[in-house]
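Heads up, the next two complexes both have chain A, just with different partners, chain B and then chain C.
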Partner chain A sequence: MLLVLSEEHKEHLAFLPKVDTAVAAEFGRIAVEFLKKGTSPKIYEGAARKLNFPVETVQHGVEGLMFLLTESAKLMISEVDFQDSVLVLGFSEELNQVLLQLYLQHCSQIRSILSLLPPHPPAYCNLEWRLDVLLASRSLRQQVVPMVTMKLLLSTGGGNHSVRVVQTDPATLQHLITTLEAALASMKTNHARRILRNIK
Partner chain B sequence: MELSESVQKGLQSLCDPSVFDQSGFSVLVDVSFRSLLSAHADPGVLDQPELKHIDRIVLKQSHAAAATFILEAVKQHADKSTISSCLEDVTCSAERTEIFYDAYQKHKGEVEGLLASIGKRLPHINDASWRLEYNMKNGHVHKVNEPFYQISLSAEKDGSSEDINFSCTMEQLQDLVGKMKDAAKSLEKATQM
Partner chain C sequence: MTFGIPLESLQSTGRRFRFCGDLDCPDWVLAEISTLAKISSVKMKLLCAQVLRDLLGEGIDYDKVAKLTADAKFESGDIKASVAVLSFIFCSAAKHDVDSESLSSELQQLGLPKEHTMGLCKSYEDKHSALQDKLRETSLRLGRLESVSWRVDYTLGSSELREVNEPTVQLKLQAQGAESCSTETTVVSISADKFRVLLTELKQAQAMMNALQ
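Up next, the complex of A and B:
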């Protein structure tokens, strides 16, 4: 699948061949750093001054690179497709190779950064359990009620965690185990295998 | 078993043949159990023909005393000798003691269940439901192609139910089930001790 670049995007990237390939490679490295850690406008100003270009041009160039990388990583386009998409920009072969290497090296990292963006339901982190026996309460003495107390640790995206403490009785625990084992078994059915194999 | 003065007084009137005749006594004992178990604070529970001739205030005091006595007895798992000695203290005849004890035996289990359900507790898990889904793509990343589970545990607390929802991969679900199985195994070992 080819990446279709908008006219505006092509204009922004047109800044790259105007500098040395080494400098363009440096901008590539900066673009990846920005994707990982966030942008820092001071870098644009410093580079603009050194290279004698307006700040806006430098900024657009780096942002154009960032967008090129994120779009390519999002669609996980192949090496060939990436090269063909970039051909349209009319860059030198050396610059094309630099961009290709940049993409190939950082594709999976960028994908994992992007996967933090969509909404996440709370995800399972851990389960701790303990066994208790209820012996008496304010309303009834001399009881013997076994129960299992469980602490469920869930992560709710953005590094936050929520803790749920719940109880259950031995019979329900057995029922939960059976139900969830059936869930695990459903992944091994022919139907599931067929879908997992064929949708790639 | 310690009983307060007002409870003892109420029981004394109940056991007094000049206040409650034999049928009145049986009916009030019955009504006392019923008002705890099924009547749900229905004020009409005392409108029995056998109780009509009894002074209203005495009737209410005896009813309250009997209900308190029943709850204390069940709470403490009182045996026949404890109940008999309490009723002897308020000069209850052996016959009436027998009638009371029979009713106590009959309804004890139900009242116990009632008392056991009173109290604050952690949310109690009743059931789990699951879905197996295949994550294909989202607005930010295409070609994700990963299966995952959506689990929903239904918990109940004080009559209101709540769902705990979360997602997990197959490995995480295996971890969860493994830990639950450890808990179940320790339970089994504990029962064999």
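Up next, the complex of A and C:
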């Protein structure tokens, strides 16, 4: 499947053939770093000064590269399709190869970064528990009531954590364990296995 | 050449280990035990000392650890794995209150050489109760009370009544929130009668706690 680049995108990328291929490759490396760690405007200013280009042009060029890489990785386009899509820009063969190598080397990394973007429901992170026995309270002495207190640590996306404290008696805990074991066992049914086999 | 690791233990054992809480030994522990066997037994004892310092909250000196494992040419992954497996062994053995002889025999069954096992178990024995105290301290506690401060006031009068003449206690409790990790402050003011009731009830609870110790 071919990537269709908008006119604006093509304009931004038109900056690349104006510099040496080596410099373009460097911009490619910067684009990937930015995708991994976030942008840093100082780099745009430094590069613009050295190359004698307006800062905006450099910024658009790098952003154009970043978008090209994320769109290609998102659609997981093949080598041939990537080359055909880039052909439209009319770059030199050397530059096309540089872009292709950049894409191929970093495709899976970019995909794993992109997979972090959609919202996630809170996910299990950690569980602490304690087993107590209630012996007496203000209203009633001489009791024996076992209870399990659990502190569930959940991670909502972006490194945030939320905490839930729950308390239960051993019978409910046993029921909880049985239900969860049944859920785990359902992964081993023929139906589940057939589906998993068909997902590559 | 099996480097002293019995062939049986290289397969999934299905055997129960006391230091793993009467469960199977995790595969990664089995794998990293053979990594541990690569350093000398003297260095192993020093590594155990560093790991125990970390578990007891005294901090670990990673530079020292790197030096200890340099001879065996450990990569950073190996260093982390060794620290992790030693932490697991110490914590798990302390958690299940395993004595040092059983630990020694179980670790040798898993293929840790005799000299290394002896070093490890000696360190374990020395720090066994300190480790259990630390684990007890870090056990789940909700809303831990951090401090109490009080003062007694005497109300002379108010906008409702010209002469009130009553003592009150102001109590400030600082506790760790049950669900949040930050300190929560509660301030209450208590009349003399209510305070007497509170004090009596708390003394009864204290008597019950003392009877249990």
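By definition in this document, the second predicted complex is superposed on the first by the 191 of 200 C-alpha atoms of A that agree within 3 Å, B and C clash if a C-alpha of one lies under 4 Å from a C-alpha of the other, contacts with A are read in each partner's own complex, and residues count from 1 in each chain.
Methods note: a residue touches a chain if its C-beta (ideal position, glycine included) is under 8 Å from a C-beta of that chain, and two chains touch if they have at least 3 such contacts.
Not measured: the values here are computed from a predicted model.
K.L.:
Name the contact category of A:V4: first (chain B only), second (chain C only), both, or neither.
P.N.:
So A:V4 meets neither chain B nor chain C here.
K.L.:
Regarding the shared-chain residue A:V163, is it in contact with chain B (first), chain C (second), both, or neither?
P.N.:
The second partner, chain C, only.
K.L.:
Does chain B (first) or chain C (second) touch A:S115, or do both, or does neither?
P.N.:
Touch status of A:S115: first partner only.
K.L.:
After lining up the shared chain so the two structures overlap, which partner does A:W129 touch, if you call chain B first and chain C second: first, second, both or neither?
P.N.:
both
K.L.:
Quick check on the superposed pair: does A:R138 touch chain B, chain C, both, or neither? Answer first, second, both or neither.
P.N.:
It touches chain B and chain C both.
K.L.:
Identify the partner contact of A:A171: answer first if only chain B is touched, second if only chain C is, both if each is, neither if none is.
P.N.:
neither
K.L.:
Is A:L180 in contact with chain B, with chain C, with both, or with neither (first, second, both, neither)?
P.N.:
The first partner, chain B, only.
K.L.:
Tell me which partner A:K151 touches in the superposition: chain B (first), chain C (second), both or neither.
P.N.:
Second partner only.
K.L.:
Between chain B (first) and chain C (second), which, if any, makes contact with A:V80: first, second, both or neither?
P.N.:
Once the two structures are laid over each other on A, A:V80 reaches no partner at all.
K.L.:
Of chain B and chain C, which one touches more of chain A's residues?
P.N.:
B
K.L.:
If you lay the two complexes on top of each other, which residues of chain A touch chain B in one and chain C in the other?
P.N.:
128-129, 138, 141, 149, 164-165.
K.L.:
Within their complex, state which residues of chain B touch chain A.
P.N.:
Listed in rising order, the residues of chain B that touch chain A are 74-77, 112, 115-116, 118-119, 121-130, 132, 134, 136, 138-145, 147, 149-151, 153, 155, 164-168, 170, 172-177, 179-184, 186-187, 190.
K.L.:
So in the complex, the part of chain A that touches chain B is made up of which residues?
P.N.:
Where chain A meets chain B, its residues are 73-76, 111, 114-115, 117-118, 120-124, 127-129, 131, 137-143, 145-146, 148-150, 152, 154, 164-170, 172-177, 179-181, 183-184, 186-187, 192, 195-196, 199-200.
K.L.:
Spell out the residues on chain A that touch chain C in their complex, using ranges where they run on.
P.N.:
128-130, 135-136, 138, 141, 149, 151, 163-165
K.L.:
Spell out the residues on chain C that touch chain A in their complex, using ranges where they run on.
P.N.:
Answer in residue numbers: 139-142, 178-181, 201, 205, 208, 212.
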